[in-house]
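The following blocks contain the structures, represented as structure tokens.
In the two assemblies presented below, chain A is common to both, partnered first by chain B and then by chain C.
After this line comes the complex of A and B, so read on.
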């Protein structure tokens, strides 16, 4: 790998990653923010490639750009109010100063520390090594991850499932938020809320 | 590929618990006609059986699973402890869940998944395993806090807990990654290298760095101090969120208030204990060589936590929020134990670890007693403000008495667990050179007595008010749990020697050089 090409790749990918991350915070539109997030993810994937971690780069693209970003877009599309009401915050300038300090500290640490050479040496075929360690020494963390996902799935279903008994309460809250039209005439079976006094 | 010999026999309790939790979730889903109490009592019974078997078969095993999980006496102590708390939380929560919650199989199953995470967390001796265990516990708890899903407080508490928890996990993970970047390994401390990492571990690397700063003749791998300090700050901040230390405590009152009461009990007892079990193992097994860098930081946090928790508790009107701030105060005392790890010799560090675990066990037993009593009260009345306890001594004298015992114990009165354990922890702080923390601790203990007495005053000095003033009875399983917990509080308070010895034998495992 030529030195110039490597540096060019590193700096441009870093600029893409950091620039994308900055634009996420700056943009007031959530959809735009997710697009910039994807850009940032791609930059990270590129950085993985410059580190010869090609498998990680692939996973980064597949999981983060492919699945997570799309999931976020769906979540935003399904919550109509989420994309609006992002007013300027009073805490903007204090937050900027604080972040400036944090970044300064981070840069100081990154430059001052002698990180030393990579201790593991060159790694051969990425996927093979990761796969082997996942069924070898790291089989337990791998399985803990599996149990964690199971627990999260079970819990998510238990929380998000709409039971029949909940229906009147959900309807009432949707009416209150103005998503559903208020019931006309007899609102006998729906509990009264502040929204349906018209 | 060199396959290492994985001894699955060492993690049988965890495997059994994971299967059992899954079976309960699936069973409750398939056999819908079986009453929900059956699943609750079945879960509690299963946990107790597992507890006994674990205690019998795993004492003095002292081995490790693939160098990621230590199966030593410390692990066994906390395995037994977490299984016990989970059994109590489920037992105390059966009636509550039947009256006020839905999806009971998932409810009991998630409590057990959280317990699994806690057991693994106390046993991990490798950063990735520890992090994943922490997340398994946290994910289950986020969901459980919001399990009362039609209650806006429950939703709010769960959301706050989730967002701040995710944020703190990110901080923590960033700290771990910097630590990995510096030391080049994720293993805390390899007692038997097993040929895997051939002796390279965090404790050893940090030891090399600190030895190199003292004796410049040693080869020093560059200046890594700034990175280690940043890593420690991030790790302490992340763990500070998990144990709700000031200034990372803001989620605590809301999550405690919003969560269903059995979950508040479980969260404040087991959740805190697990975070501390991990905290202690990480800071003694891995990070002890860098003690000079973190002890001052944790000392400041401990002092702030003790003072803020106890002072803000004075102004609370809701019993759950009061217990939240009281538990924050208790976290301050526990953090003293971590600070006192920074001592002249390993033996003194081990004293500090023993004191911490002893106070943790005493505090948790007492806290579960308080919450079990509150659940019994809530099941009848559906109220949880302090003034609602008015006249409890007339309505249910036994409950009022047990609640008073628990509150006196939390305040650190003699006879009860709180006195003995606080005494030990303050003594260790003083003898390990942190006298000022002990002074603050004793002072705020007196402040805490005031707000605990306010609750007792409501129960004993006033007549019952409102439309529901009749006497009521507490169901037998609940009364049994209360009796066992009260016995534990008195046992720790009056005769702590056997427990102290057991803890001492378990914390000895954390200091391989001892």
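After this line comes the complex of A and C, so read on.
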């Protein structure tokens, strides 16, 4: 019985993950693509559970579904309207090569890593084992992780935030492009109000 | 394996049942409900202004920065949780890190970790990205 349940879970979760991933490529609307990406992430989280890695599944939901998908949604909403379709692009071939390299690197790391500490973990004790290895043998990577997170935070703010001096120019160019309405009274308050009719 | 089924058997059962319920509701609505769409029903707001422009509106970049802030501290929790789960056990055993002078190391490791991230938060605060008022960052 337990075998049947396991196979059922594995195959349906695999179908969910791969189906979601396929729909990301197929769908023309970028927002829909992100929704399918979330579906795929959830499928991967389920696969982690079938591998008895429940802490990893929790992290997958918490970070990927909870934060990264939201980040992607905001990034899509930030881009100008014209670029929101999942259009054909010359960049697809470099992107394919890059993804091939990323996958190769992932497979290499997965095969070369010593998964020793992870083998002993029964379900429900994963977090403890990860914590112990963070404290004992992986202290330096742990602290470097903090530095990298801070660097990411500072870098993102430095890139994304405009300095105050640039603002009038930026706003003017946005009005010129028709992204912002021309400043007549209160209308200038709206950060985004496309001027054209649908 | 038995433990897995024991813990997640309920999930295995709940997923198809939940999917069935939702699909059932959607299909039953499609089959049973009459559909007469009028212009008035198609409006976004039942009573309110007519929406102007397309449904795509460009959001301000500060949403993105807030999402990044959230992501960074979300990842911090991922590190914090396993540390907290193993903290008590390691402190009880006198600290697996080493003898007496090192037994507080476990605590200070996490303090260092959090302080590093606080530097990033302080930078964000200093740069004014935490302020939501449109006066400053518009």
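Methods note: the second predicted complex is superposed on the first by the 130 of 198 C-alpha atoms of A that agree within 3 Å, B and C clash if a C-alpha of one lies under 4 Å from a C-alpha of the other, contacts with A are read in each partner's own complex, and residues count from 1 in each chain.
Just so we're on the same page, a contact is a pair of C-beta atoms (placed from the backbone, for glycine too) under 8 Å apart; a residue touches a chain by one contact, two chains touch by 3 or more.
It should be emphasised that the depicted structure is a prediction, and the values quoted were computed from it without experimental measurement.
Student: If you stack the two complexes on chain A, which partner ends up touching A:113: first (chain B), second (chain C), both, or neither?
Tutor: Once the two structures are laid over each other on A, A:113 reaches chain B alone.
Student: Should A:62 be classified as contacting the first partner (chain B), the second (chain C), both, or neither?
Tutor: Only chain C is touched by A:62; chain B is not.
Student: Touching A:105, do we find chain B (first), chain C (second), both, or neither?
Tutor: Touch status of A:105: first partner only.
Student: If you stack the two complexes on chain A, which partner ends up touching A:141: first (chain B), second (chain C), both, or neither?
Tutor: After superposition on chain A, A:141 lies in contact with chain B alone.
Student: Check the residue A:52 against both partner chains and state whether it touches chain B (first), chain C (second), both, or neither.
Tutor: Only chain C; A:52 stays clear of chain B.
Student: Should A:92 be classified as contacting the first partner (chain B), the second (chain C), both, or neither?
Tutor: So A:92 meets neither chain B nor chain C here.
Student: Who does A:152 touch here: chain B (first), chain C (second), both, or neither?
Tutor: In the superposed model, A:152 contacts both chain B and chain C.
Student: Applying the document's definition of touch, where does A:130 land relative to chain B and chain C: first, second, both, or neither?
Tutor: second
Student: Any idea whether chain B or chain C touches more of chain A?
Tutor: Between chain B and chain C, the winner on chain A residue contacts is C.
Student: Of the two partner chains, chain B (first) and chain C (second), which one does A:77 touch, if any: first, second, both, or neither?
Tutor: second
Student: Output the chain A positions appearing in both contact lists, the one against chain B and the one against chain C.
Tutor: The answer is residues 132, 136, 139, 145, 147, 150, 152, 154, 156-157, 161 of chain A.
Student: Which positions of chain A touch chain B when the two form their complex?
Tutor: Touching chain B from chain A are residues 105-106, 108-109, 112-116, 119-120, 132, 136-141, 144-145, 147-148, 150-152, 154-159, 161, 163, 165-166, 169.
Student: Quick one: which bits of chain A touch chain C in the complex? Just the residue numbers, please.
Tutor: By the definition above, chain A touches chain C via 1-2, 5-6, 8-9, 12, 49-50, 52, 54-55, 59, 62-63, 66-68, 70-71, 74-75, 77-81, 84, 122-124, 127-132, 134-136, 139, 142-143, 145-147, 149-150, 152-154, 156-157, 160-162, 164, 167, 171, 179, 189, 191-198.
Student: In their complex, what parts of chain B are in touch with chain A?
Tutor: So the residues of chain B touching chain A come out as 1, 3-4, 6, 11, 18, 22, 25, 65-69, 102-103, 106-107, 109-110, 113-114, 116-117, 120, 126, 128-129, 132-133, 135-136, 139-140, 142-144, 146-147, 149-150, 181-182, 184, 196, 221-227, 230.
Student: Report the residues of chain C in contact with chain A in the complex, numbered from low to high.
Tutor: 1-5, 7-9, 11-12, 15, 52-61, 63-65, 67-72, 74-79, 81-87, 89-90, 96-97, 106, 109, 112-114, 116-117, 119-121, 123-124, 127, 129, 134, 136-138
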